[in-house]
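Step one of this worksheet: look at the structure below.
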Amino acid sequence: MEYFIQQLVNGITLGSIYGLIAIGYTMVYGIIGMINFAHGDIFMIGAFVALISFIIFGLTGVALPIILLLVLLIAMLFTACYGWTVEKLAYKPLRGSFRLAPLISALGMSIVLQNYVQVAQGARVKPMQPLISGGLEFFKNSEFIVTVSYLQIFIVILTIILMGIFTYLITKTDLGRAQRACEQDRTMTALLGINVDRTISITFIIGSSLASVAGMMFVLYYGVIDFYIGFLAGIKAFTAAVLGGIGSLPGAMLGGLLIGLIETMWSGYVSIEYKDVAAFSVLIIVLIFFPTGFLGKPDIEKV
Amino acid sequence: MSNLLSVENLTMKFGGLTAIDDLSFDAKNNQITSIIGPNGAGKTTVFNCLTGFYKPTNGQMFLHKEESKISLRKYTDFKIAYVAKVARTFQNIRLFPAMSVLENLLVAQHNKLMVASGYSLYGLLNLKTYRDKEQLAVDKAKYWLDIIGLTHRADDNAGDLPYGDQRKLEIVRAMCIEPRLLCLDEPAAGLNPRESAELNKLLKFIKTEKQTGILLIEHDMSVVMGISDHVVVLNYGKKIFEGTADQTKNSKEVIEAYLGVDE
Amino acid sequence: MEKKDIIQSFKDSLFTGFIALALFGPIVGLRTASKGEGLFITPQWGVVFLLVGLCILGRFLINLNSARTTEFTIFSKLASKFSAITEDKAKHFAITAILFAVVFPFLPFTDRYFMDVAIMILTYIMLGWGLNIVVGLAGLLDLGYVAFYAVGAYSYALIATTFGWSFWICLPLAGLFAAFFGILLGFPVLRLRGDYLAIVTLGFGEIIRIILINWYEVTNGPDGITGIPRPSFFGLPFKRSPDEGETSFHLFFNLEYSTMHRIIFLYYLILVLALITNYFTLKIRKLPVGRAWEALREDEIACKSLGVNPTNTKLTAFAIGAMFGGFAGSFFATRQAFISPESFTFIESAIIVAIVVLGGMGSQTGVVLASIFLIGITEMFRDLEQYRMIAFGGAMVLIMVFKPKGILANRKPTILMHGDKK
């Protein structure tokens, strides 16, 4: 029982990270109907920017909360630039091309980003000293002590705050309305005088910023990154987006949590070697039997 | 004249919306039956039910074959064309644009050619039996191309044809599966008067020469009134009138449905 | 051009430079390196300024160019010229290329290194042709093609090391196994939409790889399988000193022993396998099933309305593609005599997809050119491995943006009514 609770806590933490990445997938899919294959690598770049900033600020000796806030903002800013540029270079010229073109272009972009970071930052793994240590302990009297680290609390709370801001942005502001309009019918939205290109750009910026936050969390949580982390994390987050119902924002978060839980439970109870198989199998099963996910809209084939 | 198709109590609901409501009608062999009605009346939905793209919520659709009848509900997807021999065209033309006109017509004879090619085995061995059957298929394509006057463009990409020719090509492509029932979804949309007249001629030819029943959705009244033997009028998913073209023209209900009623 | 335009493009270029600075600043400019305990930053500002400068200059030149014409003219002109040349001469090119390939091992400058590269290029050509059936003809984006390559290689290795059967028995068996896996995967997933299919095949490829790593009892895990038998020349092994009762190749033909014999044999083996793949593809494209593949790529709904069974048709494409992947895998296993899961990563799939896409989907000649270009030329710069991958990815993006149908995208009808007009 205690072990289960521990895995639950770990799963929720991991799920928060996946959920934040998944939002980027689901938003882009909602608005331009493509799988942004390079999104996982945007997350990876976010993690690198965060790592670099941590090292720099680590040398200055500023108080920890300020460091966290600064790194968060810096990571969001610089990663957003990547998201914006990728869209402008690789996706925007392809609107109206044949249906697999954006996916292939995204695949190319993903390869570029991965190898670019490998060249620029080296292929070795990058370890970082833990910044936030300590935690709360529960069930001290039992055989298995459940630990909830401060870092885990930080990750979950930050996720909830970001989700709050984000939900407000999408449901209550002009920007959110424009975005939802573009999802429904891009041509009509443009005819009504909304700058569709700008709205799409902003979608990529938001998605990349959230992914960079996930990247920062990843650095803090695992303490080690390399140029390849974006691939697996990206696939898992995409699975999360599909599981929650692609196009649905609460769905992405829900899917993220589920994938995080499935992964930790699988590693905890079944087999740690095959933990990635669990994620991939979920992906395949969901896509085959359950393509609309939990909160997605059914995709009626128009004849 | 014998019944070809009978639709009985067909109902189709999407969530709370009833697109077709308890619709019954018959279509006869060697006749053109038109389904007309204002936009959103549920005409295309009827087609999608008939051709297996939707599964109707309720009701039956039978295709009569001599004494027996087969239920179209049992067939979905590609089997409607393959087994039941119901062919259709689409409101927004669906050709294979990057393939040649001839290839388009050969794909329509796919199942026959698959058997002829011994599921590719004879074809790979280049046996004469396959080559002969392929020639037959080409001849058939040529027959239809001659009729619509596109033989000279057989080797051009279908997507390069003018719009009106694409419409005609889609119809003869459907005819290449040798259908018993041909469903045409707004074939005259976007055609100029001359092309419409040619279309009328083509449909009349199919009706009289090919022993095929035609079911037609159309807004162009010159086409509907010119060639229909029987007209079914839908409004809000319900049948509001059924009769010959002349009867329809003078029906009060139909005029009200189209033009509204003065309060 | 007016002065206003120039100022405008200059401003725009500066903005580009600003963005480039934001992009390259942290990632390129602040290189992290481990020293002892922790990570330290090594600044690389020189490189950053160089890159930013290049971006500004490039953008400015593009702006000047596009002020005259709307299109990115140089590239598209080049591309269209290229396709025009090869369309006319495709047949001549094919014959010349095959002749060249046949005499290649005996050319004066051909050494061991050239042969190795040539064998590698031919392996990729074969994989590209195999995948072309799936992606180019049937329009199914398969991002897990390497899985079938792996299945072929492992089944060949396992059968050959366990039963000691000869290459010529193991090869078809490995192909069949791969085809079987193709059907196994294809059956549930082929009704999925295009982009979902791509992701699912990717997942499948990864699952196969993870299983290969972890299933020690059978695959020997990350250590891989060693001692895979080399192929023999119709029963004559390529050995300096054959076992008792055996005659080796050089003794039989009364030649001086040379390791090149085996290499040359392997070269012709893969050449023949690749040409068989090509011949088969060209042939089946003209059969009803091949036409149905292309029709499905064009419009699946129309296919259904004509009675074409989409699932079965796609399944045949998938299985046949997988089979050729399996053949190539067997060849790979026998050539290396050692295989491990490391050879079957996602990036391999991506490279094969890149070859097909860059060559022009459905174009057989395109696959050859793309393989020579991507594998051969970049092989010369082996030390620049990562730069090569950046160029790969970048080329994929550029092709999609400027020539989405690939460099050689001139489809010829599979059958003509009026014969060849030219």
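First chain written, first letter: the chains are A, B and C, and each begins at residue 1.
As a convention for this text, contacts are C-beta pairs under 8 Å (C-beta built on N, C-alpha and C of every residue); 3 or more make two chains touch, one makes a residue touch a chain.
Bear in mind that the values here come from a model prediction, so they are computed numbers and not experimental data.
Summarising the inter-chain contacts, the pair of chains with the most C-beta pairs in contact is A-C.
Centroid distances built from C-alpha atoms place B farthest away from subunit C.
Chain geometry summary: the mean Cα position of subunit A and that of subunit B are 48 Å apart.
Computed centre separation for the pair subunit B/subunit C is 43 angstrom, with centres defined by C-alpha atoms.
Chain centres here are Cα means. That of subunit A falls 30 Å from that of subunit C.
Within subunit B, the positions touching two or more other chains are listed as 53, 90. Chain contacts: subunit A has residues 301, 303 touching two or more partner chains.
Under the contact definition stated at the top, the residues of subunit C that touch 2 or more other chains are 301. Interface residues of subunit C, counted against subunit B in their complex, comprise 280, 283-284, 286-289, 291-292, 294-295, 298-299, 301-310, 316, 411, 413-418, 421. Here subunit C touches subunit A in the complex through residues 19, 22-23, 25-28, 30-34, 38-41, 139, 141, 143, 188-189, 192-196, 198-200, 202-204, 206-207, 210-211, 213-214, 301, 346-347, 350, 353-354, 357, 386-387, 389-390, 392-397, 400-401, 404-405, going by the rule given at the top.
Those residues of subunit A that touch subunit C in the shared complex are 34-35, 45, 48-49, 51-53, 55-56, 77-78, 81-82, 84-85, 89-90, 93-94, 97-105, 107-124, 126-129, 231, 235, 238, 242, 273-274, 276-277, 280-281, 283-284, 287-288, 291, 299, 301, 303.
Residues 51-53, 77-82, 87-90, 94-100, 102-104, 106-108, 110-111, 113-114, 116-117, 119-120, 123-124, 134, 138, 141-142, 151-152, 154-155, 173-174, 176-177 of subunit B are the ones that touch subunit C when the two sit in their complex.
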